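Have a look at this one.
For reference, chains read A, B, C and D in written order, and residue numbers begin at 1 within each chain.
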Amino acid sequence: MLTTHPFEDDTLHEECGVFGVSGSDSAAALVALGLHALQHRGQEAAGISSFDGHHFHTHRAMGHVAGNFDRDDVIRALPGTSAVGHVRYSTTGETALRNVQPLYADLSTGGFAVAHNGNISNAMKLRRELVRRGSIFQSTSDTETIIHLVATSNYRTLLDRFIDALKQIEGAYSLVVMTPEGMIACRDPLGIRPLVMGKLDGAVIFASETVALDVCGATFERQVEPGELVIVQGTEVRSIRPFAPMAPRPCIFEWVYFSRPDSIAGDQSVYTVRKAIGAQLAIESPVEADYVIPVPDSGVPAAIGYAQESGIPFELGIIRSHYVGRTFIQPGDKVRHLGVKLKHNANRALIEGKRIILVDDSIVRGTTSLKIVQMMRDAGAAEVHMRIASPPTRHSCFYGVDTPERAKLLAAKHDVGGMTDFIHADSLSFVSIDGLYKALGEAKRADVRPKYCDACFTGDYPTTLTDHDDVAEVDQFAMLEERVN
Amino acid sequence: MLTTHPFEDDTLHEECGVFGVSGSDSAAALVALGLHALQHRGQEAAGISSFDGHHFHTHRAMGHVAGNFDRDDVIRALPGTSAVGHVRYSTTGETALRNVQPLYADLSTGGFAVAHNGNISNAMKLRRELVRRGSIFQSTSDTETIIHLVATSNYRTLLDRFIDALKQIEGAYSLVVMTPEGMIACRDPLGIRPLVMGKLDGAVIFASETVALDVCGATFERQVEPGELVIVQGTEVRSIRPFAPMAPRPCIFEWVYFSRPDSIAGDQSVYTVRKAIGAQLAIESPVEADYVIPVPDSGVPAAIGYAQESGIPFELGIIRSHYVGRTFIQPGDKVRHLGVKLKHNANRALIEGKRIILVDDSIVRGTTSLKIVQMMRDAGAAEVHMRIASPPTRHSCFYGVDTPERAKLLAAKHDVGGMTDFIHADSLSFVSIDGLYKALGEAKRADVRPKYCDACFTGDYPTTLTDHDDVAEVDQFAMLEERVN
Amino acid sequence: MLTTHPFEDDTLHEECGVFGVSGSDSAAALVALGLHALQHRGQEAAGISSFDGHHFHTHRAMGHVAGNFDRDDVIRALPGTSAVGHVRYSTTGETALRNVQPLYADLSTGGFAVAHNGNISNAMKLRRELVRRGSIFQSTSDTETIIHLVATSNYRTLLDRFIDALKQIEGAYSLVVMTPEGMIACRDPLGIRPLVMGKLDGAVIFASETVALDVCGATFERQVEPGELVIVQGTEVRSIRPFAPMAPRPCIFEWVYFSRPDSIAGDQSVYTVRKAIGAQLAIESPVEADYVIPVPDSGVPAAIGYAQESGIPFELGIIRSHYVGRTFIQPGDKVRHLGVKLKHNANRALIEGKRIILVDDSIVRGTTSLKIVQMMRDAGAAEVHMRIASPPTRHSCFYGVDTPERAKLLAAKHDVGGMTDFIHADSLSFVSIDGLYKALGEAKRADVRPKYCDACFTGDYPTTLTDHDDVAEVDQFAMLEERVN
Amino acid sequence: MLTTHPFEDDTLHEECGVFGVSGSDSAAALVALGLHALQHRGQEAAGISSFDGHHFHTHRAMGHVAGNFDRDDVIRALPGTSAVGHVRYSTTGETALRNVQPLYADLSTGGFAVAHNGNISNAMKLRRELVRRGSIFQSTSDTETIIHLVATSNYRTLLDRFIDALKQIEGAYSLVVMTPEGMIACRDPLGIRPLVMGKLDGAVIFASETVALDVCGATFERQVEPGELVIVQGTEVRSIRPFAPMAPRPCIFEWVYFSRPDSIAGDQSVYTVRKAIGAQLAIESPVEADYVIPVPDSGVPAAIGYAQESGIPFELGIIRSHYVGRTFIQPGDKVRHLGVKLKHNANRALIEGKRIILVDDSIVRGTTSLKIVQMMRDAGAAEVHMRIASPPTRHSCFYGVDTPERAKLLAAKHDVGGMTDFIHADSLSFVSIDGLYKALGEAKRADVRPKYCDACFTGDYPTTLTDHDDVAEVDQFAMLEERVN
């Protein structure tokens, strides 16, 4: 059953994971394994396309990889030695399945399957122009824009057409493309979204995170560099850099929250960085207390770092049910509220009468923090001090992360004092932006060309944002607020 | 779950039914009712699109109209005063749902939904050219070609673009198109496939057959004429004839088999024509016997005609289970064979020791006839005489009817004597081609520009067949064979 | 998912079909075929149990045999050389699947699977007593009572226990029982419900109707006699008659409507009997008219009989869609009403300006007749004469046929004049009860011990009706009414 | 679809959770919430029965509570102020749904719904006797035995019948029973399985663990005592103790693994006990190392205890995917193996070149430990020391815990040296049985009447085991082995 409401989903933002295998007899099975390891990057839907030398095969499903792509019949229906896959967060409405990636099209150059992590920030403008010239879109996904640009390019070879398309798009994109001629992996010139490359018995593998290489037994070779196209044809691997070189700006939130702690992002252990942020937080914002308690599970490494630095014991004061997913990733405000109640329970026997430090990775709307502080008080906590392992999240992301509109971000509405009141904590501190860069091995955030995209904290967007006319205004507002702090 | 095998389905032929309503508060519900009445024209899938003044809504499903489109929630999800629907025969493979109509696209002129009965005989050639210029196809349906021609037309208004598209296509098409500007119904210049127009409380209705008007309580106004476009905008109904006038050639098989007996096709009662064919058959091919027995259910009217003309009693000698569909319409040879065994049972108490005349509408592969003759003999019939209410089917249809390739048509391989042997009948006769025209009120088949498309009997195709290079050769073969008779 | 509402379904009546095979390698497949041929006896649910020499296997499903029991995996999961099956009409509510037969229990004597056509008219009383003594019922089916009687019998052998159980029950039952020791088929002492026996390559087959033997290629051996138990153990077939002999009273409605026309019931062709009823009706209630028109499909044989006797041409004036089931058999008043509109359409071109005789098998509530008469008038019929091939249905059935409560039977509320007014016909006649017996080869209905159960027409119930205290009163009402005629 | 293979599932053992609410308008919704909090006690299936004052309503489903019992329509279909629920582990085969609890029966005393945690160790013997006397079982569950004992009891009142039944069964049982007269909660005389009682706004609640009370906002009142029946009728709560008093023997494994760390079991915090076991382990089996690393998630509290006692830093060296369940609880050896690979990944950046102490709760087959040690070595660990927070598991449980047969328990086949070799660790130690009792506040395990059931460690079964004739032999083998240590 398909019900089409054209353009009902006018937001094209999502956070995703991609995985590609070229040159393995178990290509689709490896992709399934890799996507399972990337499940935290997108729980709403998943898809795999394979190429058997003659035909492309695609299977897409709403829901988790497990239950959909761990079935023999599904994997058998995806034959071939090349395959690409995608996990996706939050496709709403009944148009959902059309938006699930990999997207596929029959071009005059042959089949073309693409998996995309990121967001094209001029997709709307390009789309309007393409439709005017006669292109027909099947989905509301920004990724489809890339395909139509390739299809209608005046160049002759697929590679020239693809580069022609990339040069017209702006924003963040880590892409894995599968064609009859081979597999192409590429990252936008700023390298905003991650993409790594691995090897397994002669097969070449691309993945959003190294953890996906680990899980399928592959070795981590290197990152795909910002602005680089890696082309795999049979056993040959070539590299092309069609863009003018730019200082990279990888998304700093990968270390704060997105990536799994057992991943290596940009050559740094995510776990180690998170512990370092926690330690930095203990230095910047110490407080006397009985226990350091992580908000599970994402707050655990920073809490361990805080506990080790401060000497205050690390304890499990909040028990998380193992039968529900991560807090941040459930769509819909209502579900999120219900989720908090069911997912976390106070370890009352431990908490009662104690002064506790709660460590969490970030505050978005603040509703979760409010409930957790309340839960600690209900369990008898004498004092509740909240420590956040990132700076205040004040700005929307336009590079593929599903953030709420600015008006719903707690830090866009309140200074830290107001936020402390809102969540009813005895104290609240965030790590400083310079502290965050320190945990990543920098002396501080550079005023010009900082090493990361930290726009969600600073409003300093590294690209133009053609589809988002309101951003200038947003930035002003941000500046205003930041002066208040 | 969607699995895409591009081009796995390289045959674009089907027999279908279309239905459209403009100007009713119950548009989608009426379309559901109308499609149910047209279910015999396509049992494999159905779809309805509605337009609510702002958005298009589409629901498609594999299977019957009943069970899919008689549910309140489905109809409620199809709001608006305009709606078009489609029933479709035989979409194989897992690409199925993408091929189910109405097809929908967002064009620069707005939404465009189309339901098509017929077959575009140069669709392949047009498609190759469109893909070369950058169009991306979502389906393997020939109908999508029309949409891309509209999308890429150089004309400005939708109507001009649509006419531009029609002028590029050849073959058979009865189309109902729904756009924000109104509904357009049209028929190809030869009027090969049927399309009628009705009224119900101010709403305008288009349908493949009059029976669909009856079932929803509408009055039959007139046929949409060959080569005519009827445009409905609000309460205004306009007619355009953009093609050079041609002598119409409606498909004669509508009277032989496709249309329901209670339909009026081309101003003639289908039931009355079928009875007249039976009577003509009794005149052309009399035989002494005890009973006239119809092959149920499609042979019944001709059998009544034969019985009334010959004076031999009409009896039910074959009982048909009511829990399976029509013989001809089930896809897959294997199912068809199994189907015959389960669907028909001899009324042994009646048959035993009797000479019987079996009346059927047509012989395609001959396997069904073989089994039914054998079933009569097993039940003790003394003699079995087969009478067929159409001439021998010797040629494939390229105008939207799913006929097997020529090599599988019994009449393309054998003369009547050979066919009699093949089905093990005591005698076998077909109505003559002139007899068939007589039953339709003509003196005989005109040698030049006969009044109907009878290519399946004569090989006389009324259009060029661009995608079918082998047809010339086929025709020669047909001539050869026909001389043999 | 199961939701249990104990006793929500306080009516235990249904019309069913049973089929059993002993001694075939394809036992379950043959049962599936047989049940498909008996589908008209119960469309709501079906089930098959097989015994492989060690274990019993059961599969039950809501819906038709086709789609559920024509799948290879289902049949493969039903191994063994013995199998019994059941089709069932109208199990309402979500307790449905527990009531679908064959019912199965592990008794101390081993497994016990039973398929039952009929109704135990003291089941409620027996059930209350069994529950009092500690039996736990799984279903609301009267058939389960039989199993508990067997389970708690004081006799030692299964056969003695089974006969002990049968002697405690009253009403109508044709049973096929499968145990590790063999298969038992039996019919109640009056033989109210049918049961026949056939052979196929050494296998013994039991079926509700001969048509099910035909369809699977078996030969019809004989009826299971009223009061007879046929026991099949390996290749041995024994017969036991544990009841005092009684004059049989088979249900006369099997010839009127239930059985398929191609069945032989009680050694008479159902088709021939129906034609004879139609002829008798033409003699008893002649009328001048242009056409004899059957209400399809059940009225067709009687209409042919009427036409042949009267000399008035038989014509198809009502066209029935082939994609819906029989009128009588759909549960729920609302569906039935909707059904009529969609299922039948007037052949307007034929009807217009003509005087017609409509022939139908029976009138239950009268709502269908009312609509069909109106449909004929809307199509322009000059006169509409209704002829019914059974006497007025004035009484509920307590022997396994789902009849509405008396208050809803049209003939229980009106005399024939009132009924004529109700359905708006120009005239209405029923065949007389003696005429019905004549069509069955009798001189007339015997006043004492008539040869059939005709309680639905006469109120003359051949058994006591322990669970139905209100019947005496009902019968008085019947007598009263019958005097009015 | 139901396929019945009688007795195919001859093992009646399972670990489960129960939850009951009496006197709340949201009874079923509270039960759903409570079952969700108890999901770790049984992931395979769940069920809820409610009583609305007139009727019982039951919904059962395979799979988790979330997804099945968080839907409005399901909860609305379970009306009434009383409800009981059950989560269940490992019902194999297609008979599954019949075994899902609560079980329900219509008795002569009215409806009877029961949810059971535990295992009746003479269920087989009782069942054979009940079947001999005519009882018909619907399921293979030992719980159904209780219902038939109640149904066939010679006592008059339901309470007397229920006590009569309890006196005939042996083994472990925590039961919540719902009848039209009220709710009964009871625990076997030894209190082997847990059951607690809480209050919420006047409603009385029973649950397997206190965490389920927390989650739905109820207050913890007290344990249901071993051998106690608590009867709730309206607002009245009564207590009955029909058994001779015995020294309780609650299952010690609840503190080791089963209960959630945030539960209070037998008045002790499960989290605190687990930390104390870890600390005791550090005292009993110290080793020089760089990190203490928990096997997530069940090993975390003991690892924190070990780290705090030893002063060695606690670190996350193994990252667990959040999208799969607990290790122990997945049925099927094959799934378990696959599960380990996908669920845990080494935090390579941390582990490389380090000496690590792995802390886990228990070793069953040893296959998981083997893989985790190997994973640590593959990640470059210099030394891997395994510390287990329970004594060696040498004996099967017959009280409702699904343990493999003895021959598959690693500790039943090897001494600790052999186990160390098997898992390829540098060292392996288990906490001593006395150390375990110490962590629970005892001086040591008492030789006579120890305070807990620790049969899985010691083979000292506190009840007779009627259905398990092989146990004596098993115990001898156990003794033999224990001498080897």
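Throughout what follows, contacts are C-beta pairs under 8 Å (C-beta built on N, C-alpha and C of every residue); 3 or more make two chains touch, one makes a residue touch a chain.
According to UniProt, the chain labels map to these proteins: A, B, C, D = Amidophosphoribosyltransferase.
No experiment lies behind these values; they were computed from the predicted model shown.
Undergrad: Just to be sure I understand the contacts, which chains border both chain B and chain A?
TA: Joint contacts: the list comes back empty.
Undergrad: Farthest chain from chain C, going by the mean of C-alpha atoms per chain?
TA: Ranked by distance of C-alpha centres from chain C, the top chain is A.
Undergrad: Roughly how far is chain B from chain D, going centre to centre by Cα mean, in whole Å?
TA: Distance between chain centres: 64 Å.
Undergrad: When the C-alpha atoms of chain B and chain C are each averaged to a single point, how far apart are the two points in Å?
TA: Roughly 38 Å, centre to centre.
Undergrad: Compute the distance, rounded to whole Å, between the mean C-alpha positions of chain C and chain D.
TA: Between these chains, centre-to-centre, one finds 52 Å.
Undergrad: Could you tell me which residues belong to chain A and also touch two or more other chains?
TA: Nothing qualifies.
Undergrad: Determine the shape of the graph in which chains are vertices and touching pairs are edges (line, ring, star, complete, other).
TA: ring
Undergrad: Throw together a list of every chain pair that touches.
TA: All chain pairs meeting the touch criterion are A-B, A-D, B-C, C-D.
Undergrad: Spell out the part of chain A that touches chain D in their complex, as residue ranges.
TA: Interface residues on the chain A side: 33, 36-37, 39-40, 43, 64-66, 211, 214-215, 260-262, 264, 269, 271-272, 297, 300-301, 304, 308, 313-316, 319, 321-326, 341-342, 345-350.
Undergrad: Which residues of chain C touch chain D in the complex?
TA: Of all residues in chain C, those touching chain D are 1-8, 55-61, 77, 97, 104-108, 111, 131-138, 147-148, 151-153.
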